[in-house]
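The letters A, B, C and D name the chains in turn, as written, and every chain counts its residues from 1.
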Amino acid sequence: MIGKYRIRTDLAMENGEKYENDDVELSGVVIRKDYNQEKDVHTTYVQIQTEHGARMMEKPIGTYVTIEAPNLTVLDEEYHREIAGELSEHLRALLPGGDEAAILVIGLGNRDITPDALGPQVVENLQITRHLVKEYGAAALGEKCARKISALVPGVMAQTGMETMEIVRGVVKETNPDVVVVIDALAARSIRRLNCTIQLTDTGISPGSGVGNYRNALNQETLKVPVIGIGVPTVVDAGTIIHDAVAELLESLEESEMDEFLGELISPSLQSMYVTPKEIDETIKRLSITISEGLNKAFLYSG
Amino acid sequence: MIGKYRIRTDLAMENGEKYENDDVELSGVVIRKDYNQEKDVHTTYVQIQTEHGARMMEKPIGTYVTIEAPNLTVLDEEYHREIAGELSEHLRALLPGGDEAAILVIGLGNRDITPDALGPQVVENLQITRHLVKEYGAAALGEKCARKISALVPGVMAQTGMETMEIVRGVVKETNPDVVVVIDALAARSIRRLNCTIQLTDTGISPGSGVGNYRNALNQETLKVPVIGIGVPTVVDAGTIIHDAVAELLESLEESEMDEFLGELISPSLQSMYVTPKEIDETIKRLSITISEGLNKAFLYSG
Amino acid sequence: MIGKYRIRTDLAMENGEKYENDDVELSGVVIRKDYNQEKDVHTTYVQIQTEHGARMMEKPIGTYVTIEAPNLTVLDEEYHREIAGELSEHLRALLPGGDEAAILVIGLGNRDITPDALGPQVVENLQITRHLVKEYGAAALGEKCARKISALVPGVMAQTGMETMEIVRGVVKETNPDVVVVIDALAARSIRRLNCTIQLTDTGISPGSGVGNYRNALNQETLKVPVIGIGVPTVVDAGTIIHDAVAELLESLEESEMDEFLGELISPSLQSMYVTPKEIDETIKRLSITISEGLNKAFLYSG
Amino acid sequence: MIGKYRIRTDLAMENGEKYENDDVELSGVVIRKDYNQEKDVHTTYVQIQTEHGARMMEKPIGTYVTIEAPNLTVLDEEYHREIAGELSEHLRALLPGGDEAAILVIGLGNRDITPDALGPQVVENLQITRHLVKEYGAAALGEKCARKISALVPGVMAQTGMETMEIVRGVVKETNPDVVVVIDALAARSIRRLNCTIQLTDTGISPGSGVGNYRNALNQETLKVPVIGIGVPTVVDAGTIIHDAVAELLESLEESEMDEFLGELISPSLQSMYVTPKEIDETIKRLSITISEGLNKAFLYSG
């Protein structure tokens, strides 16, 4: 991290990158990387194991898996299906409960603001089974396993007047799922990760994360059941973009002047702006289908 | 009621009309009618006071107010505003709690099927205040009174896998409103009442009512707080239309043949059909704005 | 045809059915039927060859191919793909011009009224190539053939103030396509044909047909290039439904009374109503994808 | 203008600002400014009179009126109505033809990408009269004047395969309007002008302008009738934002190093990004209503 401007990212792996060129020892954090050349997919596993690691990474203790698949931004159905398969496998590894588990999927975000609509759109494409299994038994799903999938799009506070936490907690208490899966649009630091990166984590979602900024965490502590967060970065803060462009440029300048420069650079009027690719609407639609497919696969087909 | 086909209507006043030409005494039911010539608005007050009345009317004990305003189907902003005012007054008369009441509005129905989208669209136009009052106090609303308005669009069972009742009860328990107001699209018997009739009732909504057919009632008994239902008929069952057309025709025939005729007339393939005006999309949009205005007025402005 | 009420249908094959039980000789009309048992698809070929035939059938001289595929109303991707293939073959047989033809597709109807939105939605899913072929040559399309596909959604007269004919004729003159393909939502007589029947014709579209009722024909005579019409019935007139229900019932009554009965039966207030299946929104979305696939296949892949 | 990076703006007044601190004499350009303190509205009149002026301003010869009304971004119906009134007056001043003129409104842009959807949304709210006047005469409009308003949303080239110019020219030739009014979303240089600035010009629209970048001008020369362009900036290029932030910062540095710095700063990956306010969807909806109201007023009410 150069200077004092706090770069915002919801990707644990990007927080890890801050330290790559430093001599700082990142104790309490284990980072492992995989590359699948055939599919051109980078997978990063971040394990934050201690409070010290959590402070360094600015993220809660837990596991974070990030799939970077640059071709997700192009229209290639087969490739999307492959990534849906990858997502499904990682999700299964994090999912507690067996083939009979009851899973509540929460689609966070505002369905009317495209870069924030990922959660609502994923829920739209999801196969919902809880009511069928309850009414007709596992047999209703044929050869599929009998997971009871339910889903809710709670809306955002300006629409509901309620904290997302209040709504979700009420529904969790009433319907008793074994696990909650939360889908959300995220902010990344790097433009090239927009719309082609999927992060899974067993830490749920944290205050201040997501495009819409939540005030209460949705996690095992607050909901009393395991909470898995799945997110895709769809925006970069405008301030971040300027920061990075300038930081690169100024590396040749004296270190001492830099902080001052950068502090002045991020004007307040930029802070309610988002940078987003021009074709964001179609991209969101495609991504939400990929994630739904991954979820459908993970939830409904065993083996 | 002619024959044995059970005509479906969610309007209490239409159930009352069944007996108009009969000698049956409707004990336990009080019906009063008003007509405002200037506005061309008929208002019908139905009070169902006893279990006997409830059986006769096929509706729960309680109060039902119906506003019939034929001009609601035309584009006339000022007229819509006037009806919003009428709605506001009737709603105030039913609303428990004073100017500081916490009100949870539930927009029932499926936002993707136009004739069923009234509830979700009303919520879209609603002024939400609960989060503001909680954070900044009553002063946040300026001269308006300090009612804490929150709202939820729970979706339908095929989308959520959960009974609407489960979702609403969970959120009610968690957020403790003083009253719940439920908005829903209804089925009428008469084509001429489509999209120009608003029914308010203190009985909430009943199983089998609405375009989407709920299985659990949302009322004071199930939610433990008062529940007000507000609905507009947006569909007529296709079977009902045929029934009525034929019934009229056959009045000259022998009574004995009639039942048999009518039973054969309503084919099963008609039962998943709805009859709807061609311009239903725009009509729903306008109606939802009228109702929201009525709610905003009733909730936020005292006196 | 029973009685004097003029049953409305845009399907030539349904006009043919009127005469099935009569002794009338349908001279000037050739009707041939095929049934594919494996796919459960009925195909009807109607050739109207003379003016006399045109009067009897209430449709212009020309060829009409109707594909009835009951399973189109269920969600079965593979089946939809098969029907897209059928559509593609029939369309190729009607399409003039070779692999280099320039084709203008017109999506008729109102995108905001679901049962009328088929045309606009088909255009949304269409692969557009004209600008690419013009800029980069046939090679731009890879192994695909080099048809120049363009498309327009003209809107309806209430939105544009212009006859659809004026808009289309202007664009045809300016861009010189070899053939125009017009997509439209139709009215059927039979409920069981709704959303599962596709009609192709080389006669374009006629005044008064479609859900929205056009006043000017779009055909070779008016546009000076061949015009192919593709339509799916998405509505049945409410009057038609009552007519048919009652006609069946009254067959046992005296013929003489019948006409009178039926004339009274169709009330004017029914005439701006449409009967539509409850799940029309999703159905329209699926159908439009099937038709687009058929068009994409017919236009872009040779052999 | 600092450095060699070409700042993109569609606002003539912003091109004028480039020279404000320079000693360059802007011959052939007349700029006049007005300020209405009560409404907090700045109005700028730019007249480009010579070819030299056109080169300096990077805009065609003609008149440009820019209304800056910062409060347009907040929800204040009355204020929106006032600005609609201002827009109406400026538009009347530019409109050729009297109260009987035929006006074709073209809504440019892509309705599915919010920052580009201004044109299509304006057309949605427009009062269309051409078909009524043609059918029923001027009397059809009551006390309103008898302008014949028609409108078209041509779509973008990726959707149609046709140049916007081809479509519009075909429709103009066929329907013979007296004047064409083109609505488009623009790019601004300054973030604070986003969504609160309206530019009117009698030069139509130019290649490379708008969010979507057209290749052919729509103007009197190409369409053979007067063309008025109305636009609102809804995006700022991400590159522009960085440029401006850094330029400000570097003013204290040596002039000679600056060009080099800035050239490196605008990375290619930024070029397909747009910066847009988070609440862009609602903002676009409100703006389109304001502009439609202005157009309706200018077109339909005389005096």
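The criterion applied here is as follows: a residue touches a chain if its C-beta (ideal position, glycine included) is under 8 Å from a C-beta of that chain, and two chains touch if they have at least 3 such contacts.
Being a predicted model, the structure only gives us computed values, none of them experimental.
The chain with its CA mean position farthest from that of chain C is A.
For the pair chain A and chain B, the fraction of shared interface numbers is greater than half, so the two copies use mostly the same residues to meet.
The distance from the centre of chain A to the centre of chain B, with each centre set as the mean of the Cα atoms, comes to 40 Å. Work out the mean CA point of chain A and of chain C, and you get 45 Å between them.
Between chain A and chain D, the centres computed from C-alpha atoms are 38 Å apart. Within chain A, not a single residue touches two or more of the remaining chains. Applying the touch definition to every pair of chains gives A-B, A-D, B-C, C-D. Of all residues in chain D, only 112-114, 191-192, 211, 238, 241-242, 245-246, 249, 261, 264-267, 269-270, 272-282 touch chain A in the complex they form. Residues 123-124, 128-132, 148-155, 157-163, 166-167, 169-175 of chain C are the ones touching chain D in the complex.
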